[in-house]
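In what follows, chain A forms one complex with chain B and a second complex with chain C.
The block that comes next holds the complex of A and B.
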């Protein structure tokens, strides 16, 4: 089940686009505001409670397991989130 | 306009606890319950003149300054009659295949001593384990009566499973089973349970182990008295059907199924998390929040036998028996679990004067096995379901008799399946303790996406009587403010 991303062979750009699309839908965000430098709290009106839902959205979208990863707490911007998700991809390739 | 009014939805342990605290702080509280009376799970039931507990079997923390003693005091239950379990053995673990019996005594030092004598090669780890779970328990905010809101919301340190922690400390599978047997009291596999979560529950059973004299119905009777003095308005027999939400004010009314509309200035939902999203109008919370609540998985389910047992075997007087034919506790929590493999939990059977209480035998059960009959209602199940139930209950009875000949005089008065629990507990996934507090899912917090909508109950923070009360107190921290709750906690010290 952890091979999901690697098997699909998505490019980094495709992964970022997929993450953005899922977040836009699940948090009713304006896609025009979803730039990498956008801060969750200040620019996208998402708070620490939303962070939990975000983890679940990403787990479901990518078929991966993030769980209670302390690294989530350090994510401030959409770009941080993209880097985090891409780091999960390389970890999975390493394991696979 | 008087004090702000709050609807508490669900009159189980958590809802009643919250209603009592809110009312004492001057809030006008309306307690809404879909069942006919409050405390449906705690209340138990009677068959053939024998009373059976369903929500309360035994608890810890009932000693002088124990957390449950203090919380009962906080709820005005000072006169609750208690019965303490045997100091030298409140839980007996029987491993029939090994010819081994392990008694768990009350008290951390006594427990370490007894287990070290049975597992001498692991004495150092046994001490380390009990020290660790006690540390976690004592540093948990609401178990040590601290109310720092930020502490209540941080749960990120929970990254080690109980199973991994135990595997790192001992190679003995029997000792690992002994140390994780209380996972049956919260219904999540040791493989999925964060060590921290296990500690908050298991360490509560290190001191002050016992129950309420007269069982769960005696506790409900005291809660009813406390409610009648509190000014809380109780509406039973009517389900909340919708919460009305306005953009600026959040929740402003609760609509009941009979069309009654109750204007409120906030609501605390204490039911199963799957039951909240249908109450919320579209667009009132983000889709991600709604989906997360609906995707939460339940704790384990069970089959249960309700038996009359005369005379009561000595080990069930002031204690429980766990029969573990198989040392692998984790198998009991898998979706393909076999109820015949156990472990079996046996409780009750006390036959004191005016307190004829039946023996309850609980065996692991999977919701999946009963799923084909899920559309049927109690009393109108298909014949195939009746056969499955009969077969399962017969097998469980036979296994228990084989492993526990002391029960030869028992007669089975009734039985339950995962579907029975689904309908009786109002738990859509058949779970005995709400949704799983697991490494792999995020349970609700007291706060929701709506500023004046809060959550409590077994799925928030922790399950069981103590967990349900703690979750109610946590919600009150956000509703009333930290100082108010701190005052209440200080007053019951």
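The block that comes next holds the complex of A and C.
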């Protein structure tokens, strides 16, 4: 869980790097294109079906459950995704 | 023979024979296939499946025309298999869909983006055959139509790269085909096309004589991946890509 990551002292930057690495590996993305402002559809060529895969990859990488969280539908860019993950981490820390 | 080796007269002969043959064959087959389709329809046979089989026969002859001008090596490891499945070829050139004409699966349906549907006549036939236009279907709509085709016993052809690769280098695989296989419990039949990009390079209107290899590989059953839960389509996708990569690397 994210709470666990926080307990292990994983910083925000490390979480972002881990998320980027997982996505780059799964979708064969050029790390150079993985800037926070990169749009999934236009810049990274990821479509709605890839979004389903992305959830699976993030759940596996971070050991969390995202499922059909409606907030996922609003994510357009890599920066949006980073903010989403960090907000989840923050939520988990408060709940923990 | 590689693209650079082909002399100008050889290229000219290739293009005259291939595109001339394609034109003449289309001209001859169109009325014949319409009569056959009408016969099947009147006889109560399934119309969509009849069109798909007629299209397959069209492809067989197109493959023969190409084979007369360029050496094609064909390997079929799925000979024992028939029935509904999802065939996943890598994609190198516009000729790749015709490559199904080298194999025994006759009831074939393609899932393609919008532009082939806009080709006069071809588009009309494709709609009647029940081919899937991925640009207008959402995920659920696509799954429903794919399920109908598989229920009819068709082999659904999906190019997992979604577009032609550059100079034969395989691109990223999307997971739609593999999600369909998991959902409907039908096998994925990997197909490896090696060299069609040399014959019909991307961006060129003309072809040139070069060799190619086409392999239909052993079916991969989705049940073997079910233990991976929601990660199963991704695992299946990686496995199939790996199988095609190995075949591409083989001589």
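One rule holds in what follows: the second predicted complex is superposed on the first by the 93 of 96 C-alpha atoms of A that agree within 3 Å, B and C clash if a C-alpha of one lies under 4 Å from a C-alpha of the other, contacts with A are read in each partner's own complex, and residues count from 1 in each chain.
To be clear about the criterion, a residue touches a chain if its C-beta (ideal position, glycine included) is under 8 Å from a C-beta of that chain, and two chains touch if they have at least 3 such contacts.
Since the model is a prediction, treat every value here as computed from it, not as a measurement.
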item	value
First (chain B), second (chain C), both or neither touched by A:14	neither
Contacts of A:42 with chain B and chain C, given as first, second, both or neither	neither
Touching partner for A:50 - first (chain B), second (chain C), both, neither	both
Which of chain B and chain C A:26 touches, first, second, both or neither	both
Residue contacts on chain A - larger count, chain B or chain C	B
Which superposed partner A:68 touches (first chain B, second chain C, both, neither)	first
Chain B and chain C footprints on chain A, overlapping residues	26-28, 48-50, 52-53, 56-57, 60
Chain B residues within the chain A interface of the complex	153, 155-159, 194, 286-289, 291-292, 295, 439-442, 445, 447-449
Residue ranges of chain A in contact with chain C within the complex	26-28, 45, 47-50, 52-53, 56-57, 59-60
Residues of chain C that touch chain A when the two form their complex	138-139, 171-172, 174-176, 179, 230-231, 233-234
Contact set on chain A toward chain B in their complex	25-28, 48-50, 52-57, 60, 65, 67-70, 72-73
